[in-house]
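The letters A, B and C name the chains in turn, as written, and every chain counts its residues from 1.
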Amino acid sequence: MKLKKNYSPPLKCWGFLKEVNDAYDKRIADSIEAGKPVIAATAMAPQQLINAFDVVYIAGEWYGSICGFHRDNKLVETAESCGFPHELCSYARMTLGSMITRTGFLGKYPVPTAVIGTEGYCNVQAKWFEAMARYDNVPFFVIDNVPVQQDFQKNWGEESVKDTVEFVERQIENCIDFLEWSTGQKLNEENFIETTINMHRNEDLWDDLLALWGNKPSPVTIRNLFTFENLIISLPCTSDASRVLEAAIEEIRERIEKGVVAVENEEIRLLWQAQPGWYLLNVLKFFESQGAAFVASPYLAIWGTKYRYDCCEPGTPDWFREWKDPTNIAECVRQVAIGSVATEIRPRLDAAIRVNEQLAIDSQADGGVWHAVRGCKGVSYGGLGELEAIRNDLGLPGFVLEGSPSDSRDFSEGPALRQIKVFIEQVKRMKKKRKIKQAKAAKRASMKSD
Amino acid sequence: MFSRFEEIIANRHEHARQLGREKNKKIFGYLCSYVPEEIIYAAGGIPIRILTTEESPALSETLMQSYYCTFSRCLLHQGLNGDLDYMDGLVTAYSCATMRLAFDNMQRSVKFPYSRFLYMPGIIDTPDAKEFYYKELQRFLRDMEDFFGRSITDDDLREAIGVYDENRSLIKRIFEGRKASPPNISGREAYLLTLSSMLTDKADHNKMLRELIDELEGRKPLPEGASRVMLVGSPVDNLKLLDLIEKDIGAWVVGDDTCTGTRYVYGNVAPSDDLEDDPLRAIVERYMIRRAPCPAKHSQTRWVQCLPCPFRDVACFDLVPQPRNSLDDSISFHSPERICRFRNALQLGINHHVEGVIAVQQKFCDSHGFDFHHVTQAFQHVGIPSLFLEIDNVISVGQIKTRIQAFIEMLHPVDYMIEPEIREGIQV
Amino acid sequence: MITAGIDIGSMTANVVIMSFDNGEDKGTIMSDAIIPTGADSAGTAQKVIDKALKRTDLEFDDIEYIISTGYGRVIVPFADKNITEISCHAKGAHWVFSSARTVVDMGGQDCKVVTCDDTGKVTSFVMNDKCAAGAGRSMEVMARLVGVPLESVGELSHQFVDKPADITSTCVLFARSEVMELLRNGVNKKDILAGACEALVSRVISLMGRSQMEKDLIISGGIAKNSGITKRIEKRLNLEAKIPPEPQIIGALGAAVFAKDTFLKVKG
């Protein structure tokens, strides 16, 4: 598809972001060469803990998305030829393919020192890393986040969450032992405190960034946000990330004041659910070319806390929701455990629906697009239920776009773009109708009062 | 001989409905074999597993995307279709995200008088995990007491455990005969026993099993089959698959590692030190440690215990390819506290003299899909080849038959070809 | 002894009649016949074997043993046994080339890669019969869309003007719309055919990746006549492929050889 150039000028902080990303890539390459321990883990693992050690942390999701961006389809084909079915998570197939061929954008994919998976958010994150650990025959650790239904109103609700948090705390303590044993290093308390505080600060900054994005009209595009997302997945525990986010937030605030908009003709505002197809981000640009701006995303909101705590169950106790800067390892472990358990809200159907509706209202959305990411059970969890709820409760139209996060073979551009065009027309029509209805109602109200 | 088991499966909802009426008991539907049925039974309910039918899961399409397995969508479809109206409760234990979505949707859209999602941890062998699940089941027990309006004593639990253990033992006893050549019962008949057990009152089922054991004594031996195979993988509940393998192609299914088959009856609660003081803890022990695990469950402690093992978690013995006939029947493996999934499958395969493994995967099943590569490798190490077979709720006969037949032909070149008379003679 | 193999495929049915002097004799092909399958598989079976017999001075009853294979193998009323096309293709390819170790067969609606040992016995196989995109049918669709006869697809695909068109859709239905769009945008027909061949070959290669491939590589089935496919496979694998003189009868040939082995065993 041929699209025009971006409407708004590039953000000044891109240079800063590139610097930080390049430094990160270089650090990884240098560390691998220097023989530092390599931890292959999911991005949902306790990043604060792993980054407190002096290791190379290769987050599977980050790795898989970049492979998808490079359209490295040979990797998925290799994984499939080794007996991993096509229907599995595309990030997993990319990483496994990389592991099997020992190639990839990092150069040689190193044999990990240890592998850490998580269970609970999406059981695939445990199976995928288990398969990696078995393949290379290296130690493997699973942290179970337990998908607890945080029904604080039920009589055993709070008790159940308390037990879960304690269980996760014990597991994180086991994980500390595991990491110390596999890396040969001792956990440095100051590092752990620093990473924990940094991560929390970055989560808050991320929330601010998302809120600015949801401004009407929107000052940045969703593609910009996905570029920033790379930061929060791979560098969430660093102060570098904080500095970039702070710079971005300031610059975007200025844009709002000056009236700079991202999409030339922001006729409709949409919600975007799930990852994009990293291999063809221009699909998002196509929406913009039709006057549709994406202004909120429940998937991106996972990395913050606002739509984890603020939207969560009525009756959430303070000990679960409040943050206190940790001063020792035990307090760090507790904060990390609470964070992990709280993230489980998203994969719960009622909570997911609640978050979607709240986001749609907060961002003044006119409709939503659910990217049916084939093979990704965690992120598409309850997607169709969310769509139905938005349609029934808020009267907003929804659209399901079939695709995959990083396997370009699962996406058909031609039919998809045609369907998108039709959907956007529908949203515009419905918005017009709503406006006419509201205007009539307002007129009636003012006539009554006369 | 097996027709009464067949009837239960063929008319499962009607059967369960009548059961509840006749015995004046509440029927609880459950989705996953990890649900501690003994607790529901002790409370006075009858747990009935919800399995697939060949009906297309059309009603689930608006709630679950097409890349969630058909198995789970069929369960949701039955709920939305009103097929489960007679059920008083719906329970499941955490095993995979797909089943969880099916359950969540059922909970939202179908009004069961009681519904509960049990937070079974994905880690099944640390003391913390067991303690966590124990507390969770204590809460469940309190819920059951509230719902049934009675207290559930340790004796009630012990009684339920007794009934369930007996059921498992009786089925295991019958399954022992599958080691023989030819096996005492066909694979289809074996599944009839396990599936019907999930769909009825265990006490009644025990009676039927005891009668069957007597009847089997005088049974004419089955004809020699073309081969001996084993099913490993996702839940199999469509008997047409077994008909295809056994009747059409003529190979006996002499064992399996599926949760609708042998895994359902593997591991009893008793004997247990906890049975006297705290039967609930014994139940936790059985469901977490003693039963053969699903690939959706993991060990957290493996990294220490299994470090010396060169093929960690794939098989717990020194792996040098060995010719099959050098391994004897009662091979004993180094046993960590937890039953290892591969060890369990390999042990069964070797003890039942399996010649080929059919790795069944429900299309879109992640847990089994990720394991397939290593299942094949594990069996290859003991000289047993595998066939990967993708299945759905409906068996597409042509494609599956070609693959299985080609697999059997590969195991037994010309020998397979010359036994048409024997295949015709199989009347099961 | 005279034996026959009959292969009822989705698009064509064929028969091979063979004669063997004794058990060790490699045997000679007495005749073969190919006809389109049509709707009535059982009727077709009779027609095609009659056609093959007419080319000899044999009667139907002279045939000692008949084995059927292929998609419609169970519907052949006069077959003594049926064996899958997987085993038969390995056997047939091995009969033609005793050095055969990997056989790629692409029929009308499926594609299979079979590895065998030095006796022609199957050691592993992978199949793709769920999707027409990896089978001969997709070539038919492309040829018709572009408006050229199927037989010339191969040659034309090598004469691409600019470069092979990039056809990204895995599904042949979507690929169809892609190709129509390319034609509308004025992309050269030869480039499109080249692209279609590349796409099909990619799928075959990824299927092949799942088996332990060894040479010699044999390509059989209708697609073996399409140099646009065979040459590309050779190039991608950096291997020379051997193509039997009559690639479409390999299945029936293997079945006829199996018929001999089976008949001898049954006789005692």
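Annotations
Please note the rule applied: a residue touches a chain if its C-beta (ideal position, glycine included) is under 8 Å from a C-beta of that chain, and two chains touch if they have at least 3 such contacts.
Bear in mind the structure is a predicted one, so any value in this text is a computation, not a measurement.
With centres computed from CA atoms alone, B is the chain lying nearest the middle of all the protein shown.
Looking at contacts between chains, the pair that accounts for the most C-beta pairs is A-B. The distance from the centre of chain A to the centre of chain B, each centre being the mean of the chain's C-alpha atoms, comes to 36 Å. Centre-to-centre spacing of chain A and chain C amounts to 48 Å, using the average Cα coordinate of each chain.
Averaged C-alpha coordinates give centres for chain B and chain C that are 40 Å from one another. The set of chain A residues that touch two or more partner chains comprises 82-83.
The touching residues of chain A, counted against chain C in their complex, run 77-78, 80-83, 408-410, 412-415.
Against chain C, in their complex, chain B makes its touches with residues 385, 398-399, 402-403, 405-406, 409-410, 413-414, 417-418, 420.
Residues 82-85, 87-89, 92, 117, 119-120, 122-124, 126-128, 130-131, 134-135, 137, 139-142, 144, 146-149, 156, 159-160, 163-164, 166-167, 170-171, 174, 178, 182, 347-350, 372, 374-375, 377-378, 380-385, 388, 400 of chain A are the ones touching chain B in the complex.
The touching residues of chain B, when paired with chain A in their complex, are 62-68, 94-98, 100-101, 104-105, 107-108, 117, 119, 121-123, 126, 128-129, 131-132, 135-136, 139, 142-143, 295-296, 298-300, 302-303, 307, 310-314, 361, 363-364, 366-367, 369-374, 376, 388, 390. Listing the residues of chain C that touch chain A in their complex gives 168-171, 174, 177-178, 181, 206, 209-210.
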